[in-house]
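A short worksheet on the structure shown next.
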Amino acid sequence: MPRTREQLAERAAKELQDGFYVNLGIGIPTLVANYIPQGMEVTLQSENGMLGMGPFPYEGEEDPDLINAGKQTITEIPESSYFSSADSFAMIRGGHINLSILGAMEVAQNGDIANWMIPGKLVKGMGGAMDLVAGVRRVVVVMDHANKHGQSKVLKECTLPLTGAGVVDRIITDLAVFDVKPDGSGLELVELADGVTLDEVAAKTEAAYTVAPGVG
Amino acid sequence: MPRTREQLAERAAKELQDGFYVNLGIGIPTLVANYIPQGMEVTLQSENGMLGMGPFPYEGEEDPDLINAGKQTITEIPESSYFSSADSFAMIRGGHINLSILGAMEVAQNGDIANWMIPGKLVKGMGGAMDLVAGVRRVVVVMDHANKHGQSKVLKECTLPLTGAGVVDRIITDLAVFDVKPDGSGLELVELADGVTLDEVAAKTEAAYTVAPGVG
Amino acid sequence: MRKIYADVTSALEGLTFDGMTVMSGGFGLCGIPENLIAGLRDSGVKGLTVISNNAGVDGFGLGQLLETRQIAKMISSYVGENKEFERQYLAGELELEFNPQGTLAERIRAGGAGIPAFFTATGVGTLVAEGKEVRAFDGRDYVMETGLVADLSIVKAWKADERGNLVFRKTARNFNPMMATAGKVTVVEVEEIVPTGSLDPDHIHTPGIYVDRLIQTVSEKRIEQRTVRQRSAA
Amino acid sequence: MRKIYADVTSALEGLTFDGMTVMSGGFGLCGIPENLIAGLRDSGVKGLTVISNNAGVDGFGLGQLLETRQIAKMISSYVGENKEFERQYLAGELELEFNPQGTLAERIRAGGAGIPAFFTATGVGTLVAEGKEVRAFDGRDYVMETGLVADLSIVKAWKADERGNLVFRKTARNFNPMMATAGKVTVVEVEEIVPTGSLDPDHIHTPGIYVDRLIQTVSEKRIEQRTVRQRSAA
């Protein structure tokens, strides 16, 4: 069966490693913070200028000077530090963040990603997404396999304007997990969601891909 | 009579203005700090990462973590702040320092300055001098008019490798003060030291210059 | 004390002119110079180019300058939270330049640091790189971006001393320190002005050299997305 | 606690190889990682390219690595205080690249910030610009300089917490924060390791993300130019 939002977040949390510094995008990626394994040291970065991001505050303890990149009120933890936006993106652009988990509208088999703009619709802006996909060492996309019209979001080529070209390392969807092969030869299906078949993925995926040994 | 070192520093201090942020070079320029007029707010920058530099410490109060760009022990004052070398030179390069007073081996009539390298001799490096002459809003050179061989240091063209091209605004020597005309047309003699004649300056200056009205 | 002004009006006096470029600090509504923005509105200055990561919300922050049509152009990374913005933009009344957030931050830092241009991998292969020089270094492509400066920067800090040394608080720091360096004139509003010497010199975020005028103000500090968690049952 | 090592030897273990590039913090003898420099000497690593504003003095700081001929090349802005340096350089045994101090600082900052190149007015029209691209922006000439990274950065801070968040003290900060960002691996020596949570998050100079290994050491902190003033007569 396709993964739920919570299951997607839980699966994405398996990308975390002890000692990692991680930036989580808005939406499902934010939920990944709830699935950090006990005892694993994972430090969350918020691109508006914080390393070591804590959970949401208790009611009445909100601080207007303390928000995350989604403008939500958050809290401080013992290892927290604050810095300017320039220093924050120096950290991102300089390749110091181990992992970025973010959502997408489309991902292509060459690692292109589109998640900021639909021509003809109001464009709100790319925020920090272009910096994150270009700068973070490993970029993992978490998204539904298909859009609301049932069309594959895992494509041969993106149709929307790109956020980054050739930057995605792994795609986690509600149906499957694909790796973007580092040699540029395309996607490899490395995992199926519980109860999902190879045929189902094949039917719902526009992109070409190989299947890793032992999958399916 | 030619100005002494102390008189040169005293004359150079007349370049200071209330509210100025100033970087003083090594040697005679350092002495300028002793001639800041009472009540004038002048903040000294040290390019190794300090704004608001205090005087030398009393004996026994030296702090190895607190030095100026000449590696001398110094002290903190109430308005002091510390920052990294990158931030310090961002301040310099970005044109935020009002005035730099520094020494030179040679200055040319087009504002070129040479003060870091004598070919064939051991070169110690330019330190922050190239950044200062390129970045600070107003560059005033304080130096002897002639070198130890009696040759003019105020030249048609520099003979030594440059520290900066067309960057000097004013030259204060033991004999006279010249402005580098902003239109690039050369030097103007704007002041004579007490007891020094136009003829004496003419005899000891290689550069071409005009004489400002009322001088001599 | 020469940097301290009595109020917003005097702090902005003589600094505004139609068609000027203004940098305005803050991320979302966090750390915005809300009193100085209101002061710009009251000044009546028109045709502004505003460099700010976001555009405020309807009726607050830069939303106030949009309502009065004082802004001709925005340079931002994300502007989603503002209906009046949307209306003006879709009607072609407002020019908009999107920069990736990190590129925007770095362009401002570069402007203040005397760096006219730099290369970044952000945006290569996207619309952002169109019309810009792209060059390879060590086998990877980078796009050249230019430094930004402004006629006026308005900045919000937490505390200042009388010489203009600034300290920011938590994530309200964001774009404020770089903008303080990139304005030809920088005006700062703070919650508290303390005597010079009472801030630790090792902990000053913005040295006073970047601060031309300073006012102490009371801030509403509106919260954009109030998000809380439940207390565990006792 | 994973970042904390017992001593210099273990903190450098596995990180050194002949021909590597090392950044070493400090200005003069102020804020140098003196224990880690001695550790590099003891490691016996050879053919180093060392990026450091200065080259220490005879027998102290980087002077120790010069004595043992472990340095093949220096990238510095000023190296005046070292006779052994002078001898090796004049004998052609040591390669030397001079960078203006601000350009050096910015190249390191750029290297750590993912910026492969930037433009600066510093050095235009001088030997420093020879062989480099010079380009005009707004009518002024600028030279293109490239970012610097190192295989290893050794850094001296004042305090660290157990997660590697760093605080520097006074002018001992200098090149250390940028170098911490530009090393593939960064090893830091501090005077005191404090419990995580005891440093004010608003006042951390270098976030722990830049710190791979951490040791607590005792520093001699030698003074290069002891300069004092007279007390007024009582």
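Each chain carries a letter (A, B, C and D) given by its place in the written order, and its residues are counted from 1.
Keep this in mind: a residue touches a chain if its C-beta (ideal position, glycine included) is under 8 Å from a C-beta of that chain, and two chains touch if they have at least 3 such contacts.
Just so we're on the same page, UniProt names per chain: A, B = CoA transferase subunit B; C, D = CoA transferase subunit A.
These figures come from a predicted structure and were not determined experimentally.
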item: Partner chains that chain A (CoA transferase subunit B) and chain C (CoA transferase subunit A) have in common; value: D
item: Repeat of interface A-C, chosen from B-D, B-C or A-D - more than half of residue-number contact pairs shared; value: B-D
item: Selected pair, greater C-beta contact count between A-D and B-D; value: B-D
item: Between chain D (CoA transferase subunit A) and chain B (CoA transferase subunit B), distance of the C-alpha-averaged centres to the nearest whole Å; value: 28
item: Inter-chain centre distance, chain A (CoA transferase subunit B) versus chain D (CoA transferase subunit A) - centres from mean C-alpha coordinates, in Å; value: 36
item: Intercentroid distance (Cα basis), chain D (CoA transferase subunit A) paired with chain C (CoA transferase subunit A), Å; value: 33
item: Cα-centroid distance, chain A (CoA transferase subunit B) relative to chain B (CoA transferase subunit B), in whole angstrom; value: 54
item: Multi-chain contact residues (two or more partners), chain D (CoA transferase subunit A); value: 106, 109, 113-115, 120-121, 168-170, 173, 201-202
item: Per-residue multi-chain contacts in chain A (CoA transferase subunit B), two or more chains; value: 76, 82-83, 89-90, 92-93, 135
item: Contact graph of the chains (line, ring, star, complete, other); value: other
item: All chain pairs that touch each other; value: A-C, A-D, B-C, B-D, C-D
item: Contacting residues of chain D (CoA transferase subunit A) [partner chain C (CoA transferase subunit A), same complex]; value: 106, 110, 113-121, 135, 137-138, 140, 142, 146, 167-170, 173, 200-203
item: Footprint of chain D (CoA transferase subunit A) on chain A (CoA transferase subunit B) - complex, ascending; value: 19, 21, 41, 43, 45, 51-52, 76, 78-83, 89-97, 135
item: Complex contact set, residues of chain B (CoA transferase subunit B) against chain D (CoA transferase subunit A); value: 46-50, 55-59, 61-68, 70-74, 76, 82-86, 88-90, 92-93, 112, 117, 122-131, 134-135, 161-166
item: Complex contact set, residues of chain C (CoA transferase subunit A) against chain A (CoA transferase subunit B); value: 27-31, 53, 76-81, 86, 89-90, 98, 100-103, 105-106, 108-109, 120-128, 158, 168-178, 205, 221-229, 231
item: Complex interface listing, chain C (CoA transferase subunit A) residues touching chain B (CoA transferase subunit B); value: 2, 109, 111-115, 161, 163, 165, 181, 196-197, 201-202, 204, 207-210
